[in-house]
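What follows is a single structure, and I will ask about it in a moment.
Letters A, B, C and D name the chains as they come in the text, with residue numbers starting at 1 for each one.
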């Protein structure tokens, strides 16, 4: 293998740049030429591809977002689009591809491999931590810290006014961010898609606090919860407890940005290097992950489709610690 | 004067604790007894009042929220309620009161003075910076920094995806937070209640960026803007520009909490001490403020009712700098 | 077991309070009485012991330091001192002890168990991550993030002035903090006690950067490095490269304080609960740790004496990534 | 005036980039060509000068350091060097210069004006806040917040161990940073060059705390204090109080870096624009400053030589509030 390319795709996550830097410098270290593709599969189709040097990734280790940018591509969802994309790489002599992103990104990579035989290795970059084959995804730790910082601030107000706050965190269909921030933020309750929590459960938990004259209560809701958004859940609770002072905050996009945490910078560096070295070693159609502190390669098929259950130890802790 | 009391009321603001600390330690320094009233006027009516010592305010200088807590009081809006409240102080021999809060708090304080002759001095504690008689209110600088930190994070995503973001900041009827964060965050446009910005203005400003292939645009909207919430404004823009990738974030309550900035700690300390020393010097029914770096006392009447115009230099700058 | 006690000892670490909260709330959840001992073994000897309730640990989850405080105790190093200490617990009917701290703390705990049969379980609280039996110690992730934040700031200056900076981080005889911050901060070189790096090695690495006109270089040194402090190492390099602009910063005690990171809050909560539940389950003279994401109990003997080698993957990465 | 140039020089300060952005965009707004000079006067002599566009300053508003870089120039201190430098501008048709820096930078600018008639306007960029003619210099507010954040962290440890900490902050011959962080950090004592504080004063202040069993004491020392560095002061105190647990931290270069605060971004933007517009309006050999919230131009002569006294209100507050 002489030439490889790299792209970022899907929702941006803190640490994508650190991962990109590791791919580029790893490639140079192993004597390869390395090309950056701008705006994911969209740029691949359009041939927005440039040669990267060591200095191309200087001073990006601590930057949020992705310097390669990301975009949706309707055309890439067609067979013709993917053929065009593959041709862009072939015509440049590029023999392997590293993709940094989440399940949508990996679905596209898998098709590229299946339809055009292009070796691809993925690095899991998403704040949602919803990919099988790695204990943690790139950006997850930073997102949790950002959400936690926001919750700490909101607790100041909750305590000052003896209020109930419903705070919605990201995570799509996964409750990972919600559980981590729930424990880290000392929440009274965490509502996640993986477990059914009814409005009556919510009220009875809050009631325990009110009985002990607990001054403030914080409920963390995952965006994918069955009872709806934090806004909707709060409205349902308010309907049954009209005299309570209830507020809602939806943290939103602040969770995607910011300088990556130490954990994410190191994870991203390790996974970027592992993805590149996997490609060099002949891996095809896999994702590089870290499980129990060791690099592991999982087929993209498994990474996308297999379930990654919540750690039930953590769920149990919330009840004990908010006593 | 031998005994004074202090309370916090209204929405909490970072620095209220630092201000409280200065009132308490200032009182002790001047040989007075000082009493803390819990939960604002509500606690005053109920007699929830306790003697404070120097150590009562240890280690609170850097804490958000207010250890005296805050609450709304329906009863205090009645003449009878205020009579009860005044009696609670008189029966304890308390001869003066410092109130830390915003215009609602000062309205109550003014009535206490007018109806019961109780000397009151206010310290302006609100993130909105909407009080006449001080260049800056306690909590404003921290709220601006918190909002700015969020905007910096969102810009990572905006840049990575070439997106337009509408970000709503607090400020009630005032555009102060919006203008400061707009300049500090490099926004393309700031929408404030003080100036009329139509949806067509918004689109024509965004269009200038799109013409120059500017990768990302950020519009800051003040919560009191005439065109509605950020959510509503974005929907109106999207209706006219359906192909653009537009996102919305409402920063919400994170802006009220958190450890106060250096600026707010010092401002709060100065104003707490100035309020207390004003009371000792015989001031009645005034607010302590800092104008052009000097302590100034303004009648509560003026503080509440007079207008505090935006600095037009700053508004002008936004246009020049986002070129 | 009906009554247990808990103490913190040794250098404070962010997350000690979160761990304490988990011990206390875990004990109450399991129906035990729980006592807090102030100032470590010193307070144990003096009987500075009080009963803790659920609210005793309210709002400490996010606080740095330790509300139980820590102190050195010369007397506890004597057999007589330990006898007094054990007697203080026995006279109160306390049947088990959780100690939060590092190797000095555990050495003391082991003696208490051996000499007086008191069941003790340790929770590893130290920023140095130098304890065998757990992948990460409480406070380590926060210290790394604090150091990294400082390094990011210093890089601004290094880049602006084309300077070499030697930055000393904590870690006693361990290079863990140095390696993590070295990777996270994009350092050109990391000097740790576990590996011998000569001054000539330092200069030849710097020379590679100078040859490529790299604008700034950062060298991280662990406080236990064989070549001495950052100050000393910089002086030796300056002696051989007198025309270079070399600066030194010793990060010092800022690495011990601050609000714990999400990772440390969750780790501390898990380990506090695990320590308490280990005690309840009849464990004696062990430390609770987390290895590969599962709770593991290791004998205090092993925790203190066994070696915990640096992850060589990480050491290797530094060379590749700073190319 | 058709063409202007801009440089940064001296120690870097957070906000220099924001100021540069305002100079560049202000110049373009007023129809001028604008040139950036790399590495201060050194690059001016060497002709390291390039034309700047609007996008040249994109995404630098929130970045610490200076993208134009800074350097010392021995040659510029000679008359010949300055003649070469002036010639580089003249040969390019550059008719005016904005310099961003501190007193050394302004001394050079003044000579350029006097010897070669080049109109120069300065913008005060230094964390030390030691320039006459502006209430605040660019970078000062950020440096104070950075130092304060460090002090907050150290206080966690001080409280946990009942320790005395001596913390040295920057400021050269000025006590501004020390006084602000002293008040903001709740220090027991602040030692500044402007006021003589003897070791006996230090000990008697600390003794008051020890008498009241105050758990921790923090003394802030300015780097220019007459009693020496924090290290030296602590040694002198330790010599007289050998049984006390005394620690020292020298904050060092972290104070120079980091993303500028909201205050500094806005101040820098205003001063950059004011400097540019001053130049356009025909000002020569002045510094743009903000006094009492209005733009003011002061001769470089006065800016460098006149004294800027500490606000005595603030000094007085420290005694009252640490009671």
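Some notes on this structure:
Definition applied: a contact is a pair of C-beta atoms (placed from the backbone, for glycine too) under 8 Å apart; a residue touches a chain by one contact, two chains touch by 3 or more.
Bear in mind the structure is a predicted one, so any value in this text is a computation, not a measurement.
Contact with both chain A and chain C is made by no chain of the assembly. In terms of the distance between Cα centroids, chain C is separated most widely from B.
Each chain gets a centre from the mean of its Cα atoms; for chain B and chain C, those two points are 40 Å apart. Centre-to-centre, using mean CA coordinates, chain B is 29 Å away from chain D. The centroid of the Cα atoms in chain A and the matching centroid in chain B are 35 Å apart.
Multi-chain contact residues of chain B, defined as those touching 2 or more other chains: 152, 155, 159. Listed by chain label, the pairs that touch are A-B, A-C, B-D, C-D. Only residues 8, 11-12, 14, 63-66, 69-71, 146, 150, 152-157, 159-162, 165, 215, 247-254, 256-258 of chain B touch chain A when the two sit together in their complex.
Residues of chain A touching chain C in their complex: 21-22, 25-26, 28-29, 54, 59, 61-62, 135, 141, 144-145, 148, 152, 155, 159, 180-181, 183-186, 259, 261-263, 265-266, 269-270, 273, 292-293, 295, 311, 313-314, 317, 320-321, 323.
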